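Chain IDs A, B, C and D follow the sequence of writing; residue 1 opens each chain.
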Amino acid sequence: MPVPAPNLYPDFNVIRLSHVCLNVTDLEVSRKFYTETLGMQITDEDATHIYLRALEERGHHCVILQKSDQPGTVEVLGFKTFDEPDLDRAEAYFAAKGRPTQWVERPFQGRTLLTCDPMGIPLEFYHHMDRLPPIHQQYALYRGVKPLRIDHFNCFSPDVDASVAFYSDFGFRVTEYTEDAQSGRLWAAWMHRKGGVHDMAFTSGIGPRLHHVAFWVPTPLNIIDLLDLMATTGYVANIERGPGRHGISNAFFLYILDPDGHRIEIYCSDYQTVDPDLEPIKWDLTDPQRQTLWGAAAPESWFKNGSPFVGVETRAPQITASPIIAP
Amino acid sequence: MPVPAPNLYPDFNVIRLSHVCLNVTDLEVSRKFYTETLGMQITDEDATHIYLRALEERGHHCVILQKSDQPGTVEVLGFKTFDEPDLDRAEAYFAAKGRPTQWVERPFQGRTLLTCDPMGIPLEFYHHMDRLPPIHQQYALYRGVKPLRIDHFNCFSPDVDASVAFYSDFGFRVTEYTEDAQSGRLWAAWMHRKGGVHDMAFTSGIGPRLHHVAFWVPTPLNIIDLLDLMATTGYVANIERGPGRHGISNAFFLYILDPDGHRIEIYCSDYQTVDPDLEPIKWDLTDPQRQTLWGAAAPESWFKNGSPFVGVETRAPQITASPIIAP
Amino acid sequence: MPVPAPNLYPDFNVIRLSHVCLNVTDLEVSRKFYTETLGMQITDEDATHIYLRALEERGHHCVILQKSDQPGTVEVLGFKTFDEPDLDRAEAYFAAKGRPTQWVERPFQGRTLLTCDPMGIPLEFYHHMDRLPPIHQQYALYRGVKPLRIDHFNCFSPDVDASVAFYSDFGFRVTEYTEDAQSGRLWAAWMHRKGGVHDMAFTSGIGPRLHHVAFWVPTPLNIIDLLDLMATTGYVANIERGPGRHGISNAFFLYILDPDGHRIEIYCSDYQTVDPDLEPIKWDLTDPQRQTLWGAAAPESWFKNGSPFVGVETRAPQITASPIIAP
Amino acid sequence: MPVPAPNLYPDFNVIRLSHVCLNVTDLEVSRKFYTETLGMQITDEDATHIYLRALEERGHHCVILQKSDQPGTVEVLGFKTFDEPDLDRAEAYFAAKGRPTQWVERPFQGRTLLTCDPMGIPLEFYHHMDRLPPIHQQYALYRGVKPLRIDHFNCFSPDVDASVAFYSDFGFRVTEYTEDAQSGRLWAAWMHRKGGVHDMAFTSGIGPRLHHVAFWVPTPLNIIDLLDLMATTGYVANIERGPGRHGISNAFFLYILDPDGHRIEIYCSDYQTVDPDLEPIKWDLTDPQRQTLWGAAAPESWFKNGSPFVGVETRAPQITASPIIAP
């Protein structure tokens, strides 16, 4: 099995993914999409940034929209640690691994450690973020797809084996993976910290790039409502793939594109993974049901397009097997 | 407008579509599909026929599976009249139109008039069918997609204008239609008697052939359940198109194929059409959202394949415009 | 069986219930409730009236809110006929029955005949109402419970046998009924014209009074959304009964109260009743599952409260059996 | 605030609740209920025990039905630890607290530590349970309410403050609680380890007794399906409370009784609680919306009945405030 054994006793404790900062062209256009269509709540904004949270979140933000002259790129992926000392342990850990580290100032967050993974993905770790009053029972606020929380990141990696090894070493555990039977290498893997199918996933491709960020919604009917809304408010071309059931994760999904082409997954109903002895589920690259349990193929754009990380060079993947499976 | 004005005072009163007789290869294989996957209830069976009803129906059957050496063909489409004298009025009407008529014996039905439309589609009309006790509140019987009732037929016609004119003349009313702007001809039309979007629809194509028969289910989640079931019980290749929302009819849909390739639509949530002054809704053939509101194209098979009526020759359609819209 | 045989050949053709005019205290308060909570669309308003339609309706209105010094009363129940001559036939019919008739002017409606039933319920019949463009696919307009159409009226009658006989005679057909086994009299009956379980129902009680007007919504989840919304926007005391599944009608339901105490049912998923030979389903007054299939009792208020018709005296019911079934 | 600060660094690591052993009268009667109505999967059975798992679980069992001459009692509540050494640390911890400890043999489990909490609730801790192949994508197996996993226990405690203090000390974290404003004492509290609203909750009452065990289902519609099924298969009297939305936890719920009167909650859609700095939400004992957000009162039986732990004496609660809130 190409999946490394989980490191159950990592040097520091990351509890979950937390937030993403997306570079966009026009804050007004993005604001309209993220609030009226996605239904997220603005928690702060100024001339260059909009901070958003989903409805059950009490941390200040899970998405930052940043006005940029490099729209369509991603600034950073954020993660929350269990406690403050984890940040110092993380700094020591990454430094020992030869990764660059620096302490950065972030609004609404406490001490924040910035580093990057071996592919170049910028990662930031914090323990404290400003806490906000609960709004999950203010049902008059629910709009659009009624997003409850950020669920996961999925990134293209040119070397999924290397990416998985790196995150495994500080405690991410693989729940499902796709193996390229010919090379015996990983083609994709789903890894978690918080007890769901993933906080972070990697797919073989030109990378590093963010493939998508996903938000959790209550039921598949919210996804159908979103499709109806997007289809009749000028966003029909922003519907990329779905709805469907993933083979991998068993989740119900929809992929859409924001006004700058950042891909967003709307996601619900995967399964609980808190058992440290949970056995990873293996899928074959040639099994079309891993993509969509119901058999529908993903469009070519879904395999090709992604959001680069700002200032990070990409390279071609090591695996040349084609993931695109005809219908 | 190419749609004829409805005939509000037809010579006889058809109240709704009623049943279809499908020719199949192997009754055991079909039985398994129709009862375990679709979830229909067997009301009678013998060596050559299986009679089925959906869960809220009290008439004896809405589907007859008939063992045949011409599997994949359709024997007849059935309709129910308001009263017995309507049958005699129907006979006189069709005879006056030059259509063949004969009285036929059908198990579980009273007097039954057999005729065919100008394209050759065999039609039978009856008033009385054996009535069965209600089972819609025996929830332990619900299985598969939990079908509640037969909803409509959809047929390929080589001349949709002529088909629509024929059914309009005895009272079918158009609710929505697609016009080929170039020729000014109808490309498709949806016609009803019972107060939904359609009892019968016609689509331009090699015909006459049955495009599909549709069953009404409670909610879109039943359709998602069916997809999950089919995908994991050996029927993934029988999923042809969907799930999605139709532009036309606004219904939530899924198209699947039975073991002989007969196409079945699972359908819910269209709208009420009992107003005789309901204005038909016009769609343009070039608008991809008429097929699927969310923009997904139908696969080529959906435009090409259909079930011939047994012994009825087909011919090419008059309209040459391509309905196949690339994604 | 205490249910009269249906009159399949009535003197005139009523196709469905159409609208209700409710007297209210404060148009602003009612407007907020009907648009933000119920989610209906305003089609016209002036200093004394607000006209509303549900999302799939193309007729101008299904609810008229009328500012009144007798708030909590009902002005009239409206019905649509198949054609214009039905109105003249209706006038002759009601006059022959000794009912008062007059032609009244109604905004947005064509010729309108006003009469009342033997209990005193004011009824108006029209054929033409102004037609509006479809909005059912403008999903950005959907709010609150996402009402699709008016579904039915339910009235208290002091003599359900007499009420049922009266409406049967002009074509309403009984689908389900509750018999008081001791007296052999009807305790309640559900009667339809449009092919659902009812356009009009009667329940034994101090009457005539409107028990409720019902609106059809897509799925039970819309009802759950409404409950969450009302519970967190100051309307928790306006939730009276439910959610639940009715034994009678098999529909999923919720009863709520508008700001003047008019009871509104939110309703979905009953069954199709277009067959003229559909057998009525009989329920026993002592069977608690007729109220709620799941066994929960209705609160006392549900049996006691209703909206009087303005200027119409009420009287006590003939049946003294108690319909209130303890939990 | 009467809630103790969470112990973020407990002596040993419990990751989640795991299973319950229920004493029953008749295994056949219970088997039918747990498999056909609840829809659980049998993983093993003999003359005296039936082992069951829910559909997404890979551990061998979450419910053990044990034939007993003390039906209606509970044998033990089970919890899973992060690793094997946690068991030894747990033994030392409980011994130091003066709790009895012993190592017991349990089929399908590895080393198992039995102890009891200060109220007398028997608790067992293990790390290893036999692992089974995934079945969550074998959709033909889904029946009844389609249970996905065990979610939590809720127990009556005569002294909720003491119970909460005890479980807090080994790492359970309070997410929501109800305070009796008069006495300043806890009336109820919800505590978790796995990242949901609770693994264990305590309510003031004659105790210790198990109030209910809860199972997670995909959506509210599964709960509606269960109600329809129970109502029409002879279990209508086993429906105790709901469906509804809890104020506390925000979950959609239904309470039912198994054939021996053990209360089972069907539960979905609470929220994620992995943040160690998640602020507990406080509710007032006099707020009826904490029970049911929509305002409906719980029946008296719900406050009174529970399953004793076999051989454990109960005592009256310290708080005398009445939790029973009239509708």
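Going forward, a residue touches a chain if its C-beta (ideal position, glycine included) is under 8 Å from a C-beta of that chain, and two chains touch if they have at least 3 such contacts.
Predicted, not measured: the structure shown is a model, and the values here were computed from it.
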item	value
Steps in the shortest chain-to-chain touch route ending at subunit C and beginning at subunit A	1
Subunit A-subunit B separation of Cα centroids, rounded to whole Å	44
Computed distance of Cα centres, subunit C from subunit B, in Å	32
Separation of mean Cα positions, subunit D and subunit B [Å, integer]	49
Of all residues in subunit D, the ones touching two or more other chains	137, 219-221, 228, 231-232, 293
Category of the chain touch graph - line, ring, star, complete, other	complete
In the complex, subunit C residues that touch subunit B	8, 15-16, 56, 58-59, 80, 82-83, 128, 131, 134, 136-137, 148-149, 194-195, 218-221, 247, 250, 269, 271-272, 274-279, 281, 293
Subunit D contact footprint on subunit C (complex, rising order)	219-221, 224, 227-228, 230-232, 236-237, 239, 243, 245, 252, 289, 293-296, 299, 327
Parts of subunit A lying in touch with subunit C, wherever the complex brings them together	137-140, 219, 221, 225, 228-229, 231-233
